[in-house]
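The letters A, B, C and D name the chains in turn, as written, and every chain counts its residues from 1.
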């Protein structure tokens, strides 16, 4: 026991819990505000949407950011979760009285079913690379919703008439799930298994040569990501009714991908922030640009998207970005101890997937000091 | 138990009808330092790729410590005890030095825990992680990389990267270490240092080493036996000095 | 330790930002606010204003806006002005939910629900729990008005149209064909009823389908249907126009017979040699005062002839207005009180609306009773 | 048999769009999700010119010009700044551009579908079977474009430079190839092809909406991948194959509703059997 405590002490770092602890803190504040009646309907509804978006974005980040495989079918897993989860919930309601218990059980079933399909779609991932895998996952998402559309049990084109959960409670439960998901994902990433996954992304050949079981990890990541996406789907199904197959088109998968790319591949914090921002921006555009102005909604969204992506990624903007960057002060400090990786978990968009390596033109790119977000944990300065 | 660590029998491979390597018969004794030399394009790296499961040999087979490994996957072969370095360095360049080694420690029997231990951070997780780190530091110390452990692998000098790659390969606890041009790009000092390191790890880690190298000084100063390949076939095999002084070999090098 | 402090500080800053953001976006739900000071009443609704289905949502919104303008120019509800706001829901349930929340925060008192069925089911679910009165212009799926006593509609229900179509078709035609959109609640709703009625009548028909992913090229379906006397097309005019053209291209003489979604098809099939008939409560060429006034006002405002969505939107606003007037609704009443009063007024046997889509009455189920007419477009 | 002909004519359209996709992918190595929307731009240009002048040939010429210009402008403004950035960033920008074009179209033309009447060349009969002349023209033009592109890429200097850029941009740059210019030309050609695609699309499906391009875009992308993305004959083959399968599925009422699922399942199966598409080029990774 004492060994355990000393081990924990040796390993513990504040930043390891910073992410989920902050989310938890936000949640506590929100619960208090909610209790005081200070949150209006839109905010409460929006919070549930933010919660499932965060789960979707972080779980997709596992696949795209950490494993380095491009998936355009994440909405397909969500679709499975939403349909199966709410279906199971309606069955369970006959047997179990507690709404909360029904929700939890349906989340687990929805997640499990999605995970099984995650395994199935993980199989091609073993054979295919980059854009080919992307199109297969996109195809998978479209197949799933096409099939649900035609299943009478799930309401066919009318959608499955799920029963919504009380909005005031749903967002709290959803955020508790977010915290749990964050703990699980970050713990996983900060372990030897997480190292193995990032090793596959960085250099698959070397990873194989080091005896990393690439097959296992690729499938594992797809399964875990699908599981969480399925849970997000169940939350979605309890947020609104009916569960309609049109929602889960490839456009939605791409929106989740936008969250991941905007937040920075391989950055969980980034995914959380980007998921929140995109959901809020979408909501603001929808509610502010109503009536005749609605036609501008997509236009504004598109312009924001293009501008942000170009600003964030264009080599030409790099100096400006660095000048404006919040981490500039931090970066200066790093300079003193040259080349020592410092804590830069807050850095966005520092890691590129290997898709990059194969596919894009980079002759004049300066060799950047890419820092693996979690590589920092190996910096053991503080441990000694 | 024989005293042969690696034995290949008529190992060969062809790509689309072209015989890249044929009839390679190696017998590497335990604890031996064995050299694989030959001019460019002779098929040395292809042999390594076959021995590590990157390519599947089209003819022949090979045994490690008496166990046939042909047809096994790269991972499996590594688990069985063959580790390698690459001609064009393949470090996890975006990872810190210590993390490179930690990745390689992945499969060692003492360092096992399930993904669920990881997700829930069970006591086992903490225990293993602490021990893994200690082990990684020990290994880095052997290669004089301890001070560099928090640097990014891509920021290291070329020679240091080579050393790190060997350290990483060693971390998988191999019986047989394949080094693909370990001294390439090194200055004479570094080469000399590398020679002593290779000798030392052979003794300390009870290793057998098979290496590809162009630097003949390095080979003759280090290897007990060599095989010379030319155009995918064995030119000569035997004691290092004799083999390297063979007129055929010299002709192959000068003529090729 | 310093680093930790900085982190805590950063987290606190983010926290404050997030909460202000929520407060900011929550405070005002949109560009139209019911200020709740007793001078205005906000009528809200959601509909597809962008995306594939947007032409339907925009029509409904335009029609409703004309009615609002007319009412306000005539002095409003006993001096109280009506405000109208429609949020974009892209025909998705989740955006209808968010739109509903935003409208409620903005002070919505009474509502038009959603334009499309899928969204309206989401809207109805929320409205039932708040007891908010809504009357949807065009969400015709059966489940839309089944959630509570607060839900009403202006359009025909899907099942009614399907049954009616089956009866009409079997009366005159022998070789009947049918094509429907398996991905659309409206289309499949009508089709299910149609199929049931056809079985009851002992009539057979050739069936073809399409869906949202394959709704442009109808050559295969036209090939199968070209021998029919009549092809039943229970979906919207965009696709029906293409089906009609595909049939003509295959040399078919078949009459295209559809439901109220076909209203608007006239300019889609200009110059195409085809006869189109559809069940509709609205005919822009009708010479009644209500219709001519509406069509004129619409053309002045938007430059095009209104379709049935616009007429439905127009009538929905008048239904709300007349019922509120009859119930004596004032702006300071609560949502639920308004609902109870309006439901009572609208289901009263004496309540009748002379609208652009005919004379309408409502019963407690929320369904609307009005006389269907069959409009015929003959380009022969 | 008529299903076959219908499939062929739909497939010909997919093939034309897929050619554009594959050109851009093969050389710029980016998935241009906005390609479908260039077709929409072309369609609206044809509509407007036809309404203003009534001359279909002028309309076609104009649409080629407008499409080419918009393709090049989009490349310059949205994609070029991202040269060297992560390909995912480029992918997302392409999606942004797609949204942008759709909303601009909705603002200008409204969202109601606009019918259009293009010259119909009637039918001709091959044996006992009647076939639309439009279909034949689509196929023939598709074939000519395919052959022309192949020749262009193989025989001209620009074409060879394209191949070089496609193989290895860094090396091409070192060999003095103006990579930016080559990519710009690629986009110009791809967009001009989109204008052709829009013409043939409208001949068969005479109705225009702002979202016209997105579904054919995805389908053509699928076709390009089936055929082996980057391969010009592959795009043609994939397009025709996909059109045929779609029509065959739709012609059987029992499986009609599952058409999309079947098409995409087929894609997955083909990729599992042949991970680089039917005519794709194999790349061996050097160890």
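Criterion: a contact is a pair of C-beta atoms (placed from the backbone, for glycine too) under 8 Å apart; a residue touches a chain by one contact, two chains touch by 3 or more.
These figures come from a predicted structure and were not determined experimentally.
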Any idea whether A-B or C-D has more C-beta pairs in contact?
A-B
Which chain lies the greatest distance away from subunit A when centres are computed from Cα atoms alone?
B
Gap in Å, rounded to a whole number, between the CA centres of subunit B and subunit A
39
Centroid distance [mean C-alpha coordinates] between subunit C and subunit A, Å
36
Cα-centroid distance, subunit B relative to subunit C, in whole angstrom:
71
Shared interface positions of subunit B, touching two or more other chains:
54, 86
If a residue has to touch 2 or more other chains to count, which residues of subunit A qualify?
142, 146, 149-150, 205, 295, 297-298
Listing for subunit C: what residues touch at least two other chains?
50, 54, 182, 211, 213
Which bits of subunit A are touching subunit D when the two form their complex?
64, 70, 124, 127-129, 131-132, 134-136, 138-140, 142-143, 146-147, 149-150, 205, 250, 254, 257-258, 261-262, 265, 295-299, 301-303, 305-306, 309-310, 312-317, 352-353, 355-356, 359-365
Residue numbers of subunit B touching subunit A in their complex, please.
52, 54, 73-75, 78-79, 83-84, 86, 90-96, 98-99, 102-107, 111, 113, 115, 117-121, 123, 125-130, 132-133, 149-152, 154-155, 168-169, 171-172
Along subunit C, where are the residues that touch subunit D in the complex?
50-52, 54-55, 58, 182, 207-211, 213-214, 216-217, 219-221, 223-224, 238, 241-242, 245, 249, 264, 267-271, 304
Show me the residue ranges of subunit A that touch subunit B in the complex, using the header's touch definition.
3-4, 7-8, 10-11, 183-185, 187-188, 190-196, 198-199, 202-203, 205-215, 220, 339-341, 351, 367, 369-372, 375-376, 378-381
Going by the contact rule set out above, which residues of subunit D touch subunit C in the complex?
2-3, 6-7, 9-10, 103, 106, 110-113, 115, 117, 132, 204-207, 209, 211, 215-216, 246-247, 250-251, 253, 256-257, 259-260
